[in-house]
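Before we start, here is the structure in question, set down as C-alpha cells.
First chain written, first letter: the chains are A, B, C and D, and each begins at residue 1.
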Amino acid sequence: MKKVLPVLVLAAIGMLLVLTVAEMPTFGDGQAPAHRGVMDKYLRDSAQDTGAINTIAAIILDYRAYDTLGEATVLFVAVLAVSAALYQGEHHA
Amino acid sequence: MSMEILERLYGNIYYLTSVILFVIGFHTMLTHRNLIKKLMALNIMDTAIFLFFVAIGYRQGGQAPILLPGVTSFVNPVPSALILTGIVISVSFTAFALALVVLLYKHYGTLDSDEIIAIRGKKHV
Amino acid sequence: MWLFWQFRRLCTKVNTMHDMVLEVVNRLLLPFIQLFGMYILFHGHLSPGGGFSGGAVIGASLILYSLTFRFARVKHRLDHDTSVFFEAAGALIYVAIGFVGLFFGYNFLTNRGVFPLGVPGQLWSSGMILIITLALGAKVSGTILSLFQELLEGGSDEHGNP
Amino acid sequence: MFSLTHAPILMVVILLTAAFIVPLLRKHLLVAKALFLGAGLLVTILSFLVAWNVLENGTMVYNVGGWAAPHGIALVVDAFAAYVSLVISVISLVIFWFAVFAPREVKHEVGYYALILLLTAAMHGIVMAGDIFNLFVFVEISSLAAVAIIAVKGTKESIEASFRYLILSALGSGGLLFSIALLFMVTGHLNMDLMRQTLEVTAGQYPLNVLTALAFMVVGLGVKSALFPLHIWLPDAHANAPTASSALLSGLVVKVYIVALMRIAYMTLGMELFYLLPIRQILLVMASLAIVAGSVFAIVQDNIKRLLAFSTVAQVGYIFLGFSLLSARAVEGAVWHILIHAIMKTLLFLAVGVVIHQSGYKKISQLHGLGRRMPLTFACITLGALSMVGIPGTAGFISKLYLALGALDAGQAIFAVLILLSSLLSAVYYFPLIITAYFGHDASPTVVEPSLAVQLPLVVLAIAVLFYGLMPSILLPLVRQTALLITR
C-alpha cells in the first residue's frame, strides 16, 4: 500500500501534465500568447525608459524593482532565519 | 489522433522534459526517507519549473535580450527576469532547510525521516 | 585497519595544515576572481549579469579565501557582524533609493525623472539600476559568506570541532 | 512628500525598513523594541487611513516605480485588501506588544522581532498585490518567515515541526510557481486584471492549461492554508511554536493564503471561470471534512495548544465553506470569520501561552483550580472559548450566523446543520478546559497572574470579542463591499 499510493498519485499527475503539454502552444512559436502580452514594450522602449540596454536588468531593477526588493528580502529572511535557528546551538555565545 | 498528440509532444519536448523532471522530483520527495535527498528532490522540482518557465520565453531565432545594434529578434525577456527571482527564492529555502537539517541531526542523531518520527513519537507517549 | 588509520591521520593532517600550494594559488587567483565579480556587477545593465550573479561570484571568492586560509584567521577579519551589516546595508540602500523617488514627488522606486539615465550603452548610465546592482552585490556576497559561516558554526559543538 | 496615495506601499516598506534595522541593534535592545512597536503602530494608523480612503473613494491602485499596469507592478487595494490589511495590522500590533512584554522564549531576540516584522510586511504585501508574480514573491517571504518563527524556539519538537512545514510549504510554493507559469503561458501578462481579460479570450483555446494551473494553485495555497487533507503540518507547527508565533500563525498567516487564493480567483480568473471548473464542489467537500475532522481531532487532545491548533483546522474549514457557498451572506460570514477568528484565536493562544508560562502546565487535565489563581487570564480564556463555540453576544456568533444563513440562501441547508453540529462539537472540546480550570480542586497555590503589560493585549482582545458580538456594524460597509467583489 505504501508503495502503491505514491505511484498512483504520480501516474495521475504525470498523465495530467503530459496531456497539458500536448495542448500547449508550440515551443518557440513567435505568435504564442505568451509573447503577445507585455513583451513588446519592454524590448522597444527599455533603453529610453531606463537607460539600460540589458532588457532583463531593466525589467528586474526598474519595471519590476518591487519584486527584486522582495527577492532581496527573501535572502535577508533566510540569513536571519538561519542565524536565529542556529543561535541556540551555541551555549557560550 | 494519438499520432497527433505524439507529434505535439515532440514539438514541445522542452516542456515535456521539465514536466518529467518535475515528476521525478516529486517521486523522490514521496518515496525517499533521507532528508538531504528530500531537499535535493525539492531542488529538482524547482529547477524543472525554472526550465519550464524559461522555455516559455523562447522564440524561434531569438537572441539574448540585450539591445545591441544589428540584432532584431529577441527572446521574451519576462520569464528570464522572473526566474532570476525564483532562483534566489529557491536558494533561500534550501539554505534554511540545510540549517534545519543540521539542527535535526544534532537533536536526533539521524537523517532518516521515519526514524525521527519514531523517536519523536516514543517521546510523546 | 592500518590503511584506515593512515587515512585518518592524513585527514586530520589536512584539516590542520597550511597547504603551501593552495595558499599560493589562491593568492594568485583571488584578485582575478574578485575582479571578474566586479566586472559582472558593473556591467549588469550592459551584458548578462547583475547584482545577484556578481555578488555570488564575490561571495564564492570569500568562501574560497576562508576555506584555504584557516577559518579562525578569517573570522576576525570577516566576522559575522560585518556580513550582517553588509546584508542590512544593501537592503537599506535599496529602500532608501525607493524613498528618493518618493521624496521628489514620484512613486516609490521611480528611476526615470529622478536619477540621470545617461546614454544607453555606456558604463555610467541607467541611473538607479547601477546603484541597486552595486548594493545588491554587496548584499548577496554578504549573504553567501554569512550563510557559509553560520552553517559551519552551527554544525560544530561548543569547542568548535566539526 | 506624503499623501495618502502612497500609503499602501508605505505600509509594506515601513515594516521592511524596520526589519532591516532591528537586527543591527543587538546591543541596544530598548531601541530595537521601540522601533518594533513604533513600526507596528505607524502601519496600523496607515491601514486605518487606507481603509477609510477606500470606503470614501473606492479602490486604490498604486503603480510602483511609476509604470502603469501592464509593465510595472500595481498594488490594488480594494475593499477586501483594505479590510484584511486592517485586520492584519491591528491583530499584529497586539501580538507585537505581547512579544515585547511577555517573558522571553527565544534566545535570538532581535532576530525574532525582525522575523515577525518581515512576516507582517509580507502579509500586507500578499493582500495588496495586484500582480501575480509579486504575490508569489511575498508568499515566499511569508512562508520562510513563518517557518523561521517556529524554529527559533529551538526545541527538538519545534525544529522537527518546522522542517516538515518548510518542506510542505516549499512544495506548495512550487505548485504556485508552476501554475503562474502555466497562466503566463496562455496570457502573456502578469497583472491580475489583464490576465483575466486575456483569459476570457484564450481560456477556451487552452482549457487543460487553465485547469492544471488552477489545480496546482489550489493545492499550493491549500497546503499553506491547511485545507483539510493538507493540514498535517499544522498541529505540530502551531503547538510547538513560541506563544507569539502561534498566535500570529494561527490567527493571521493561515488566513492570508486563503485571501490570496480568493483574490486570484476573482481578480485573475473571474469567479465564473473559477467555479465553472469542479473546484467549488471539491472545496465544499474539503471544507466540510475540515470542520468535522478538525473538531473530532480536537476533542481527543489533552495538550491545550494542540487543541487550539486542531480548532484552527476546523475554522479554516469555515472560511473555505463560506467562500465556496458563494451566496452573499455566506461570503460575508467568511469575511467576518477572518477577523473574528483572528481575534478569538489570538486571544486564546496568548492567554494559554501566559498560563503555560506561569504554571508550567501544558495539559488540560493539569489545570485544576487555576481559574481561581489567575482570574483575569481565565476570564479572557472563557470569553474566547464561548466565542469559539458561538454563544450569542460574543463575536463568534455573528460569523456563524452569517455562514448558516448564507448556507440557507445558497439552498444547501445541510451546511447550516453542519455548522450547528460543529458548534456542539466545539462546545465538547472547549468546555472541559473551562470546567477543569474553575471547578477542579485547587492544586497549585503558587501560581500568580503575570504583569499588567502582559495582560493588556488579552484584555484588549477580550473586549474586542464582546464588542463585535454586541455591535457588529462597525466594519459592515467594508465587509459588504468585499462580498460584492467576490459574488459579482
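The rule is short, and it goes like this: contacts are C-beta pairs under 8 Å (C-beta built on N, C-alpha and C of every residue); 3 or more make two chains touch, one makes a residue touch a chain.
All values derive from a computational prediction rather than experimental measurement.
Tally the contacting C-beta pairs at the B-C interface and at the C-D interface, and name the larger one.
More C-beta contacts join the chains of C-D.
Could you work out how far the Cα centre of subunit A sits from that of subunit C, in whole Å?
Comparing mean C-alpha positions, subunit C is 23 Å from subunit A.
Between subunit C and subunit D, what is the separation of their C-alpha centroids in Å?
37
So, what's the distance in Å between the C-alpha centres of subunit B and subunit A?
For subunit A versus subunit B, the centre distance works out to 10 Å.
Mind pulling the residue numbers of subunit D that touch at least two other chains?
Within subunit D, residues 9, 16, 20, 23, 64-65, 133, 137, 140, 144, 147-148, 151, 154, 159, 184-185, 190 contact more than one other chain.
Residues of subunit B that contact two or more other chains, please.
Subunit B, residues with two or more chain partners: 22, 56, 66-67, 78-79, 82, 84-85, 88-89, 92-93, 95-96, 99-100, 102-103.
Which residues belonging to subunit A are in contact with no fewer than two other chains?
17, 20, 23-24, 34-35, 37-39, 42, 47, 53-54, 56, 60, 62, 64-71, 73-79, 81-83, 85-86, 89
Linking chains that touch, what shape results: line, ring, star, complete or other?
Chain contacts: complete, every pair touches.
Quick one: in the complex, what on subunit C touches subunit A?
Interface residues on the subunit C side: 44-48, 50-51, 80, 84, 87-88, 90-91, 94-95, 98, 108-109, 111-112, 117-121, 125-129, 132-133, 136, 139-140, 143, 146-147, 150-151, 153-154, 158.
Okay, in this complex, where on subunit A does subunit D touch?
16-17, 19-20, 23-25, 32-39, 41-42, 62-67, 69-71, 73-74, 76-78, 80-81, 83-85, 87-89
So in the complex, the part of subunit B that touches subunit C is made up of which residues?
Contact set of subunit B toward subunit C: 64, 66-67, 84, 87-88, 95, 98-99, 102-103.
Mind listing the subunit D positions that touch subunit A in their complex?
9, 16, 19-20, 23, 64-65, 67, 70-73, 106-108, 111-112, 114-115, 118, 121-122, 125, 133-134, 137-138, 140-141, 144-145, 147-148, 151-152, 154, 159, 182, 184-190, 194, 198, 202, 206-209, 212, 215
Would you pull the subunit B residues touching subunit D in the complex into a rising list?
22, 29, 35, 38, 42, 45-46, 49, 52-53, 56, 78-79, 82, 85-86, 89, 92-93, 96-97, 100-101, 103-104, 107-108, 116, 120, 123
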